[in-house]
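Note that chain A is present in both complexes that follow, paired respectively with chain B and with chain C.
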Partner chain A sequence: MNGVLSLASITLKEGIRNRAIFGIFIMALLMFAASIILTNLFMRDIIKVAADLSLATISFSGLLMIIFIGTNLLSKDIDKRTIYMVISRPISRAEYVLGKFGGLCLLVLVTTIFLGIVSSVPVYASSLIYHNPQTIFVWTTYITAIVFIAMKLMLISAVIIFFSSITSTSFISLILTVATYIIGSTNETVKGILDAKMEGVHISPPIAAIIKTVYYVFPNLSAFDLKLQAAHGLPIPAEYFLWTPVYWLLYTGILVTMACLIMTRKEFP
Partner chain B sequence: MDSLTKVFKKEFSKKKVVALNSLTLDIQEGEVFGFLGPNGAGKSTTIKILLNLIWPTSGTVSIDGKSAAHKSVHELIGYLPENPYFYDHLSARELLWFGGKSCNLQNTVIRDRTEKLMQDLDLTTAMNRPLRSYSKGMVQRAGLALALIHSPRILILDEPMSGLDPMGRRKVFDLISSLKKEGKTVFFSSHILHDIERLCDRAAILINGGLKRLITVRQDLQPGLTLEDVFLDEVAKSGGIRE
Partner chain C sequence: MKLKLYTVLICLLALFIAFFPYFEQARKNVRQVELQELTLPPFVSRFLALEFRSVASDFLFTRVIQYYGGKVQSREMLTGADWSWLYSNLQVVTDLDPYFEDAYYFGNAVLTWNGRLYIQANRLLQKGTDARDWDWQFPFYIGFNKFYFLNDNQGGADYFLMASKRPGASPFLPSLAARLYKNEGKTALAVSVLAGILESERDPKTRQSFEIRLEALKKILALEQAVDRYKKMTGRTPRDLKVLVERGFVKEIPTDPYGGRFYVDKNGSIMTTSNLAYRPGPQRQMQK
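Let's turn to the complex of A and B:
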């Protein structure tokens, strides 16, 4: 266990000191600042626009961060042979995967907490500048939305770790992760269209079967999107807090277990 | 090592390359063992099998009576890879913390050993700097410190002198000498035959994946006969080096 924790710790340190992260943070800060200016363009519900933009900024910045740092994590270790230094110690290949994934999750946690705190400034500023007593805004829902963004980013981290265990080329794992992200963000909408059985729209059975397979195989990332609820102060059903974390835990667990199994069978010549 | 054979398959042509051919070696506890051979002889392949980085096609390896694949065996070993590359943004202190923690050492022990090793290896002033700012020799010495942080009984060093300037080489030479005095088992590969001659109790000459000769340095090297003479003679006898 010490091996996993120490590896996670140095992975976090490496990630935080990566120059790419500074660029992403500056971009996020500019987007937060811009959200204050952009809200001026709207006549009403300004705090909702600010909350929506802030959550989108956290999600996008976090995604950029794990893609830039995560896709290089395993492949660079294998390419530069830094992995020799790790698995020549009493750390198994599976523990190596767990340590790297743990480090990436810690990085997601640290950055979402930081961005979450910073994002509250434009939201709070909007509520003060454009105060409207009729607007319903619930801070706990806003914080819950940030927690679910962190969960989504950790799930994408598991996707990255899984693809990186299959291929040692970081570009291929980047392409596969981005493709998974795009499919995962849209598959619920596509399945919704299929299930709606709109009049005059015919979807052939093979296409419908493919859509259903894609829906169940790829992660449903829109399940973690609470922007609408946070912006409009809508209540979140109690069962959401049970089934979404269970889905997250199962999907992430399966991906990381498969990555561990693949790495256990890998040689490092 | 008992009848170790390793065959690599080329990715596209599926052509087989025999990197090691029935290598049998028995290294005694407390001895300094030199492993020499031309480039491509199979030295690094043997070391990678010892460390469970790759697996033999056939044959077995046991360290201290246990299989090399056993995780606990790795606590006994300190390893320095050839041309080590560590995490860019970590300092040598953080690298050694990781090394110590992965072997279940207490923080106080890690701190004390880090200070001592950094002093011994002339890295005290640079220990808090990121490793990417280190010169090649400094990286090599940081790698040695990492191999030694958990005070292992066995040291496996792949080309420890490679890329070092004369002062760095001297430092590593002195370090291996002191490890020998402490009774550690040191297994190292090198192209610097003079160092092997001075440091090792025994040495093995590996050519084209096969063991050509096992030398007991004090017995087999008489005045006027150097290890270089023996090595070149063995290379000539084996009909040259496989490309």
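Let's turn to the complex of A and C:
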């Protein structure tokens, strides 16, 4: 267990030391600054626009960070043969995978906390500029949305770990992760169309079967998207806080376990 | 070597600055066409927006106001195609984020007063009424459009009642609904509705536009009452508003704050040449 923790902290440090992270942070800070200017274009729902932009920035920059840094971390170890340094120590390969995943999760945690704090500045500022009696904004919902973004990024980290254990080329795992992200963000919408059974739209049974399979196999990332709820202060039912984390925990667990299994069987060059 | 590189750089920069306006103009012409034609179906835009649906609605909305503002600024009249573009894009904006207040607010303002698309405006507002079930303004706007533009007093009263049951609604709504059910005169009602809106409006620009409208409606109301008195006295409708001044029913013919001229039509209703809207051109000058 000690091995996992020290590996996780090494991975976190490696991630923070990565130059890409600075670029991503600068981009995020610029977006937050821009959102203060952009909100001036709107008439009444100013705080909604500020919350939209802030949450989208957290999600987008977190995504960039995790995809570019995450895909590099594992494959670089294999590619540059630094993995021998680790697996020659008394640490199992499963522990190695867990350590890497833990490090990525810590990286997600640190960055979302940082971006979350910075992002609340434009949101707070916009609430001072104009008070609209018909706008509801709840800070707890906003924070919940940030927590769910962090959960989503951790799930994507698990996807990256899984693909990196299959292929040792970082570019291929990057492409596969991006594809999973796109499918994961849209599969609920597509299945919704299938379930709606619109008149005059015929979907052939094989395609319907594919859509259903994709819906169950790929992660449903829309579940972690509470941006709309946060922007308008909409209530979220209590059971959502039980079943979505359960779904998240199980899905992430399955992916990481599969990655551990693949790694134990893998032969390094 | 270094000097040569600097010379090349300066030449390139000068050329860049010189040619930029041509590029910008070319781009503008392309963008006009693009803006005209591009309306993504709701499903496609939902799909493409991934998890950034709500931000996508914000950006699409800025495009809509930009398009409308551009037309107003260049003093172009909006054609039927322009209006249908505006309406369908506002539909997409509110499909991406059905709770977006600004989109409904702007849509209602321009589609009714300027575009005369009352049914479409109400269709848009209905979506907002359903989504923002805590907000009294949208059923109130639908009610207003129904009674003022569509001459549907019953429908208007129904929506006013609906609005009055939502939190924060203006206290004058129930009595307004009652008066509507009784089929009271349109202008008098409009004056009290607008006065009610003004009470809750904080944005100075919107307030100004409502104040001007209220002023115009009050003047029309005074003229209408004078015409009614004239009718009672003489049994005829006046052919010209000057008659009212000559006979002492009003002191003078008031001026239309929108720059038009009040007149009385065959049925004895007070009309104005401005139709209670600024012409796209002089609007900016008048607001100054």
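The rule is short, and it goes like this: the second predicted complex is superposed on the first by the 266 of 269 C-alpha atoms of A that agree within 3 Å, B and C clash if a C-alpha of one lies under 4 Å from a C-alpha of the other, contacts with A are read in each partner's own complex, and residues count from 1 in each chain.
Simple rule for what comes next: a residue touches a chain if its C-beta (ideal position, glycine included) is under 8 Å from a C-beta of that chain, and two chains touch if they have at least 3 such contacts.
Keep in mind it's a predicted model, so treat the numbers as computed, not measured.
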> Which partner, chain B or chain C, is in contact with more residues of chain A?
Replying inline: C
>> Just to be sure I read the superposition right, which of the two partners does A:186 touch: chain B = first, chain C = second, or both, or neither?
In response: second
>> Quick one: is A:129 in contact with chain B, with chain C, with both, or with neither? Answer first, second, both or neither.
In response: neither
>> Quick check on the superposed pair: does A:207 touch chain B, chain C, both, or neither? Answer first, second, both or neither.
In response: neither
> Touch check for A:34: first (chain B), second (chain C), both, or neither?
Replying inline: neither
>> If we overlay the two complexes on their shared chain A, which of chain B and chain C does A:242 touch? Say first, second, both or neither.
In response: neither
> Thinking of the overlay built on chain A, is A:110 touched by chain B (first), by chain C (second), by both, or by neither?
Replying inline: neither
>> Which partner chains sit in contact with A:5 here, chain B, chain C, both or neither? Use first/second/both/neither.
In response: first
> Residues on chain A in contact with chain B in one complex and with chain C in the other?
Replying inline: none
>> Residue numbers of chain C touching chain A in their complex, please.
In response: 43, 46-47, 50-55, 58, 61-62, 65, 97, 99-102, 105-106, 132, 134-135, 137, 168, 200, 202-203, 206
>> Could you list, by residue number, the parts of chain A that touch chain B in their complex?
In response: 2-3, 5-7, 9-10, 13-14, 17-18, 80-82, 84-92, 267-269
> How about chain B: which of its residues touch chain A in the complex?
Replying inline: 8, 45, 48, 51-55, 71-72, 74-75, 77, 79, 81, 84-90, 94-95, 97-99, 101-104, 130, 143, 146
> In the complex of these two chains, what residues of chain A are touching chain C?
Replying inline: 38, 41-45, 48-49, 52-53, 56, 59-60, 130-136, 182, 185-186, 189-190, 193, 221-222, 225, 227-228, 231-232, 234
